[in-house]
Amino acid sequence: MKAPSLQVAQWFNTEAPLTLDDLSGKIVMIEAFQMLCPGCVSHGLPLAKLVQNTFPKDQVAVIGLHSVFEHHDAMTPVSLAAFLHEYKITFPVAVDAPGPGHLPKTMAAYNMRGTPSLILIDRSGNLRAHHFGDVSQLQLGAEIGTLLLEKAPLDVALSETETAQKPGCDETGCSL
Amino acid sequence: MKAPSLQVAQWFNTEAPLTLDDLSGKIVMIEAFQMLCPGCVSHGLPLAKLVQNTFPKDQVAVIGLHSVFEHHDAMTPVSLAAFLHEYKITFPVAVDAPGPGHLPKTMAAYNMRGTPSLILIDRSGNLRAHHFGDVSQLQLGAEIGTLLLEKAPLDVALSETETAQKPGCDETGCSL
Amino acid sequence: MKAPSLQVAQWFNTEAPLTLDDLSGKIVMIEAFQMLCPGCVSHGLPLAKLVQNTFPKDQVAVIGLHSVFEHHDAMTPVSLAAFLHEYKITFPVAVDAPGPGHLPKTMAAYNMRGTPSLILIDRSGNLRAHHFGDVSQLQLGAEIGTLLLEKAPLDVALSETETAQKPGCDETGCSL
Amino acid sequence: MKAPSLQVAQWFNTEAPLTLDDLSGKIVMIEAFQMLCPGCVSHGLPLAKLVQNTFPKDQVAVIGLHSVFEHHDAMTPVSLAAFLHEYKITFPVAVDAPGPGHLPKTMAAYNMRGTPSLILIDRSGNLRAHHFGDVSQLQLGAEIGTLLLEKAPLDVALSETETAQKPGCDETGCSL
């Protein structure tokens, strides 16, 4: 399945806007988060930093996606800019474009369950993994390792995991 | 030394404004923080919650103090309200009153070095401990235990510790 | 209540055998452990080291008590000596004297529930706290702080906590 | 490079002795440890358990190797049996055969630097990774993921990492 396009209101940490087509040939990991989601701060974003620092940048691209679906007034781009500075996040971060309801557009297109959500896209632009909540480093490493070895698109089933369940935020994430 | 008064622009999690005089007879712990300070989120505020849940509420009062000295536009009361909700902080939180410069008034009156800062005030309203950065639970417990046993004001020297040093934020706190 | 005497088969990390009477005037913390008890290794002994390094040695004495009640052949003094070396434990450690059954004598005299158990004795030799399993640093700090402030014996009730429950070992300790 | 054979004095947690030839067709992870090595207890063995529980047992086999090179009297098979029981280790564990000096034979054949050491062997019996000290879960996951995807032996360079350095034990392991 082709990964849906990113729909972005604003970018941080990149000189020019990015598209998935631009990143074709690389594995793309999207970390969808909200700056006031405790599980994103304690687990999701540190994991994204770790991926950024573990794999070669010319093979694995890490992108943050600020997908705000609650407390919109509290998580404006002004606040996000300060957050990215204080938490020393240096990979490109996209502000998910507002949708008709409280859900932003990219979040809706990917049918995400909440934040943090982690998306893996292979070199050919196919959606290959979609996790919600805590993700095991060992499992994620195995998935990225598998994608790294691929030379051509394969017909691999989509893997999905999730740990958070009730609506609202808990230690593992924020649920719709 | 008498603890300086709190100078507060707005309160959260309390029906009426609080003063240190109102709290006379209790030990008061003030946790000064900024909502976008990583060390406050990972260490300072969890410690304040732990004190809140460990000691009897009629003997030890925990108060949060939102002392913003940077990124003022990013940490408004609207954002703070969402932060307190998502991080499930239930003790009273005061917004430190803006000062003439970038430093808020209570922070300046206590001569704080940055956030997180932790203040202990005894039953008679005296400033008894002032920590900046990480605080050992064992050390803090011993200090609170000492204050709990006191029946009358004593002439005890002020203890101070600090771990963060360079200006800016690191894992242990945000420094002036 | 007067703390029962230590009944010891062998000492490590001390030139001469110790008695509680020798330590009169100091607060004594006894950390009862087994070298193959996972909760002792992950929580109990690190906490004892922390107490050793946090409080003045002339006021608080930390003593390890190797109270083996299972797998006796696997936790001999020869193995214990290597364990203390590898884990860099430098406070005095007593081997609890074997009893008529599988329970060693000091463990029986203190009516311990298993390992790790933590005992606090005040300056006058009274048993003041008895914890089994995980101990909150904040709580322990408050107890030691209280004992430090005492100048003369007080009539304070014994505090007891416990977290482990089922017989056998789990993350929090090993239960009888 | 073909992985050297295991030279084993005694097995635990398996009905019959195992050889690498028996395991041909599976990826084999060998976790070399000493029961009194702090880094093995805190990091190495928990990682081996995680691999055991993350990947399909018919594709990835986890084997413990008790490679004692110091304190031989303190880490006998009797003590090891109690250790495996208390730490709930259920994968097969081999006692590395004593060598002419203080180094056991398998440890010498693999030219290990100390404990913990982690070895990965591919489906065709080739040595593919050799780590000493702390191993990143993300990195290990990627390596196992890569090996899982291979259908036939490839000519991939051996990866090696190490973190511990000085002789003796520290938090990351025990060094020769």
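Should a chain be cited, it is by its letter among A, B, C and D, assigned in written order, with residues numbered from 1 in that chain.
By our rule, a contact is a pair of C-beta atoms (placed from the backbone, for glycine too) under 8 Å apart; a residue touches a chain by one contact, two chains touch by 3 or more.
Not measured: the values here are computed from a predicted model.
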Note the shortest touch-path length, in steps, from chain A to chain C.
2
Once the Cα atoms of chain A and chain D are superposed, what angle does the rotation have, between 0 and 180 degrees and to the nearest 5?
180
At the chain B/chain C interface, shared numbers over all numbers used: above half (same) or below half (different)?
same
Quick one: chain A and chain B, Cα centre-to-centre, how many Å?
35
Chain B and chain D, separation of their C-alpha mean positions in angstrom
48
For chain A, jot down the residues that touch at least 2 other chains.
none
If each protein chain is taken as a node and each touching pair as an edge, is the resulting graph a line, ring, star, complete or other?
ring
Every chain pair meeting the contact rule
A-B, A-D, B-C, C-D
Touch list for chain A against partner chain D, complex:
50-51, 54-55, 136-146, 148-150
Which residues of chain D touch chain C in the complex?
36-38, 41-42, 71, 73-75, 78-79, 81-83, 85-87, 169, 174
